[in-house]
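In what follows, chain A forms one complex with chain B and a second complex with chain C.
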Partner chain A sequence: MPEGTLCNKNPITTKEQLDALLADKTGKIYYEEMKHLEVDTEKLAETLQATCKSRIRTWLEICAHCGLCADSCFFYLANQKDPTQVPAYKIQSTLGEIVRKNGQVDNAHMRYCMDVAWGKCTCCNRCGTFCPYGIDMGVMFSYLRGLCFSQGFVPWELKIGSGMHRIFRAQMDVTPEDFVETCEWMCEEQQEEWPGLEIPVDKVGADILYTCNAREPKHYPEDIAEAAILFHIAGEDWTVPSEGWDQTSLTMFAGDWEGCRLQVEGIYRAIEKLKPKRVLGTECGHAHRATVIEGPYWLGREDGRPPVPYLHYTEWVAEALRTGKLKIDPAKRIKEPVTLQDSCNYIRNYGLKEVTREIMSYIVEPGYFVEMEPCKEYNFCCGGGGGLNGIGIYRQWRNIGFKVKRDQIKATGAKLVIAPCHNCWDAIRDMEEIYELGIRWSFLKPLLLKMVIVPEHLKPKEEAEEEE
Partner chain B sequence: MYQFITGPLLWLTFIIFFGGLTFRVVWYIRGLDWKLDRVAYRTYPALGLKGALQSIIHWLIPYGSYGWRAKPLYTLVFFIFHAGLVVVPLFLAGHAVLLEERWGISWWPTISMALADTLTIGVMVTAVIILVRRLVLPEVRILTTFYDIFLILVSVAPFVSGFLVVHQVRDYTFWLYAHILSGELLLILIPFTKLFHVVGFFLSRGQIGMDFGIKRAWKSRKGFAW
Partner chain C sequence: MAIVEHMGKKFEVDEDGFLANLDDWGPEWVDYVKTQEGITELTEDHWKVINMLQDYFKKNGIAPMVRILSKVTGFKLKYIYELFPSGPGKGACKMAGLPKPTGCV
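Moving on, here comes the complex of A and B:
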């Protein structure tokens, strides 16, 4: 059986296909079919010829086999220094083999590649900063994911995720109508406490266009309410798009390059239609990577930048605090040891380390902020990045990998971890469930809401009168 | 024999060495693809140059990068090994004599014999350490192939033979020829093996530096810290 009914080389593009795949709970049939999926070696060779150029070929060839990357990888450290977890070994035994054999590999090899590319690497790119040649194995693993996806060897959840994006232009089945309704609902719910609160939809020419993570409307709609309240307090002229509102990209995790392009295209179309001065994304790392850092290239933008400045949420928060749009009540600042999780996607891979520290200087009482060791661009991945949080078959591997982040957090002595990234936030939550450190974790929005000074005219009437 | 291996054969060696490395450089740069690599090389030449230089310089200086500082012992061994490999063949007085005899170049700088000896011993000792490390540490052993060991032996052979020639252990002619031929073999192999990192290091580091300078660290005031 070369092509399975569920596991095959074609991406999901219709609701029927998606439902069929979802009905196969935990991907039982899907993975069974994968064992018999034929590798189209000719197509693989063609793809290599067209896309594997001097950078990756040189990386694979020049690797000195020095092993300096070993200690950079949290999987290696968490697995008692298992040599098969050395990044150079992982990439040489997978992509290296495919390139050396010019695509002449079998089903077993492709399944091995899938296990390594998704279960033993989160594409955090940390190894690349420790290699004397600057060989970035995270980049190569994400390339390998693309090869695997094109041959149908992709974890079940990510095949679904890619399909969601292709069908809904969101990582979950949230339609534009659902999204707008959620915004309206959140707005209504907050009216009593925040009279005049608005979530303007499709307003043309606003200062800020706000995009989010589909999990927010689907599972944590209060996050959208919090964003709205903070904009309200800061007096921002902002809006959300009814289409192109989800900036996440499970397609990027899946290696579905065409799907990646489609997703970002939708967002950029919203930007062109609504002509905002700037765009602002939510507290998510990979969404920023996909839409702002890699996205322009998927769409073939020669300047490598989005059509208008596209900020990560932390950039806006730092700016709002700096300019006084948001003012913090000094009495309400965090007065307990607190640490910060640096997201690989916008710290190591975008350079926002200074901005996040600036935020800490406003919201944490001096002396209480404790850095993890190592931190900033050298920080370890939370353990759940690159889509790993969502993949069932690698759950145990992920949980072992958590040990590095667990020990890093433990060493800070902090009981509160600020994690302005959905994946990090999830990973730390799951880590707490498994290892019971007794820590709390939070996005920035709820913390800011607790300590921001609310201007008198924005308070509900009665409350304002009571205070008088 | 001496005339041949230091004459036509040496010329052939140089042609292959420089020709091969030139091909490597051209092939690498031509193969960079802004869309596939997702780095807008042409749009931001200044950011790219700054990033590339930052990345190369920090890794050329001992303990100049976070990565080197993370492995202090290895870094020491690595730099002793490479310092000898680069400095001795280029600036040995014995080699400068040849330059003067053949091409009349008399201004070529040279190093003292004592320094040359120290550096050569440094190369041989660190090569042994690197070999032992390869076989002892599990995270390096799993990566090691015969090819890696072969390349170390090929790289060190001219130093061992050269050392024996200079110190006239015995059999001067044999070791002299062994030295010249192993040196030529090394130069010929460089473009065809991963020893091409003599230029490849600068290309690869330059590329990742451009990647971070233009794209992945451009929001940081100082770029990537390396």
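Moving on, here comes the complex of A and C:
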């Protein structure tokens, strides 16, 4: 069986394997090897037997090919209504074919599946909300990704991402020591402006255990500092875990089912060890889906819930504003047309649409908030979800898909887009780079910090004296 | 892969406009990214960041976390952003000729 040195059916489990894959920049050799990777049809049939249960089989069978899902898909709309972009077609011609043939498919088919599963679907689940039978294509595409991964057909960057999780229990090469050091560093750098600012590590029994996205310590540590400052102002009793701190799951995007379980297991272990009252995740969409929505099932938890209540960041912000833990200076509210990007993973798939609107009512001057059309659970994906932002080979497809979100944003007339999700934030940033809309984009944290009222006792001494 | 031309030199770039081969890196590339990033004048401190990123990448095959960049250069995070407004993981890596960092960046 021709297994490639870099492209093969084995997940990355060692640093050496990871380094070799990283050294193959943009996956040149990796994708070349993929062309010759043999499909283990026997194993694929076994996997189907063990994992493709009645729900997915029924969905594939009852699809009436009515086409009502077509217009729901931003890829279909952005590609001049190309019939090969109809969600039903996409799933039937990929997973449907694998199931009908009981795994007897060839290399070309698996590569086609990979292209569709990662390059033509972001698992945003919008189509599922329009299907008269309620067929959930997002779930099926995630499943297809799992089959592809098990056979070695996965985009290069996500093979790396899955490997990072398996080695570092984080989607990037950040160790627990690196994470803790970054937290300490961020506190040090803020002392002048925020005397006494702390990021408590591994505190047992705190009210809140905070988990983040590995990109924060690796590339954007200001995000951790901002979270700490807001907790500081709100007077929260909080902590971060030194292990199990990365809430994200590129393993989920990659379809690495075992890796998914390992990642969430680490986070739940931290929860069980540190016994917080609640857990709070950062402004990330897929991390919430992986750890709060799907994670409990990956770990076989009967109640389908994490060990303790696990909030999305927007839930905490809304609560802090509602209870007055964070007070907004009305003079500093946003006074320009502003719109909000609804993250598929916690709006459509978790129902937090009113929570984010509640936040808008506090931070935007009445009359300035403009909804996208459509919005809330019917909002379109940012265009870069499901891992697509990070996959080089599908970059042109993504950029075409961006047109739907671009036009939605344009139509609002807003020049500021609030995007409380890393993936959406990145997509809108890249969209601006490509289409030059003249817009700005922001997470909630920096916006809140510009308008929150700082209690006197938390201000640096000189500043407090000056004001007196 | 796409080719960009600047100051009479051709560069192979990836889908996100990052340099495909570090060996092609040179002053012309730096000048090309400088314009894109909206940096008016390159200072000694820009070069300190660029050199550090390259040294680290050559040894480790990956971009460093910002903490390490700050430790080695002695620059505070705020200052690194002043030098490279689009951030250390994006503008600085691009200018230094490193590949686009993988993952959610």
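Definition applied: the second predicted complex is superposed on the first by the 467 of 468 C-alpha atoms of A that agree within 3 Å, B and C clash if a C-alpha of one lies under 4 Å from a C-alpha of the other, contacts with A are read in each partner's own complex, and residues count from 1 in each chain.
In this section, contacts are C-beta pairs under 8 Å (C-beta built on N, C-alpha and C of every residue); 3 or more make two chains touch, one makes a residue touch a chain.
None of these values were measured; they are calculated from a predicted model.
K.L.:
Assess the superposed three-chain arrangement around chain A: do chain B and chain C clash, or do they fit?
P.N.:
fit
K.L.:
Now for A:Glu61: first (chain B), second (chain C), both, or neither, which partner does it touch?
P.N.:
first
K.L.:
Roughly how many degrees, to the nearest 10, is the angle at chain A when you join its Cα centre to the Cα centres of chain B and chain C?
P.N.:
The three centres form an angle at chain A of 140 degrees.
K.L.:
Return first, second, both or neither, reflecting whether A:Ser442 touches chain B, chain C, both chains, or no partner chain.
P.N.:
neither
K.L.:
Determine, under the contact definition given at the top, whether A:Asn79 touches first (chain B), second (chain C), both, or neither.
P.N.:
A:Asn79 sits against neither chain B nor chain C.
K.L.:
After the superposition on A, what does A:Leu22 contact: first (chain B), second (chain C), both or neither?
P.N.:
second
K.L.:
For A:Thr251, select first, second, both or neither according to whether it touches chain B, chain C, the two together, or no partner.
P.N.:
neither
K.L.:
Does chain B (first) or chain C (second) touch A:Gln171, or do both, or does neither?
P.N.:
Second partner only.
K.L.:
With the two complexes superposed on chain A, say which partner A:Gln263 touches: chain B (first), chain C (second), both, or neither.
P.N.:
It touches nothing on chain B or chain C.
K.L.:
By residue count, is chain A touched more by chain B or by chain C?
P.N.:
B
K.L.:
Smallest separation in Å between any Cα of chain B and any Cα of chain C in the superposed model?
P.N.:
It comes out at 23 Å between the closest C-alpha atoms.
K.L.:
For chain A, which residues lie in the overlap of the chain B contacts and the chain C contacts?
P.N.:
none
K.L.:
Quick one: which bits of chain A touch chain B in the complex? Just the residue numbers, please.
P.N.:
51, 53-55, 57-59, 61-68, 70-71, 76, 81, 83-84, 86, 88-89, 92, 128-136, 293-294, 297-298, 300, 302-304, 315, 348-355, 376-378
K.L.:
Would you pull the chain B residues touching chain A in the complex into a rising list?
P.N.:
Residues of chain B touching chain A: 27-40, 42-44, 55, 59, 66-68, 70-71, 74, 78, 134, 137-145, 148, 194, 196-197, 200-201, 203-205, 207-209, 211, 214-221, 223-226.
K.L.:
Which of the residues in chain A come into contact with chain C in the complex?
P.N.:
On the chain A side, the touching residues are 19, 22-23, 25-26, 157, 160-161, 164, 171-174, 178, 181-182, 185-186, 189, 213-215, 217-222, 225, 248, 250, 389-390, 392-393, 395-396, 422-423, 426.
K.L.:
Please give the residue numbers of chain C that touch chain A in the complex, ascending.
P.N.:
On the chain C side, the touching residues are 1, 14-16, 20-21, 61-62, 65-67, 70, 76-78, 81, 87-90, 99-105.
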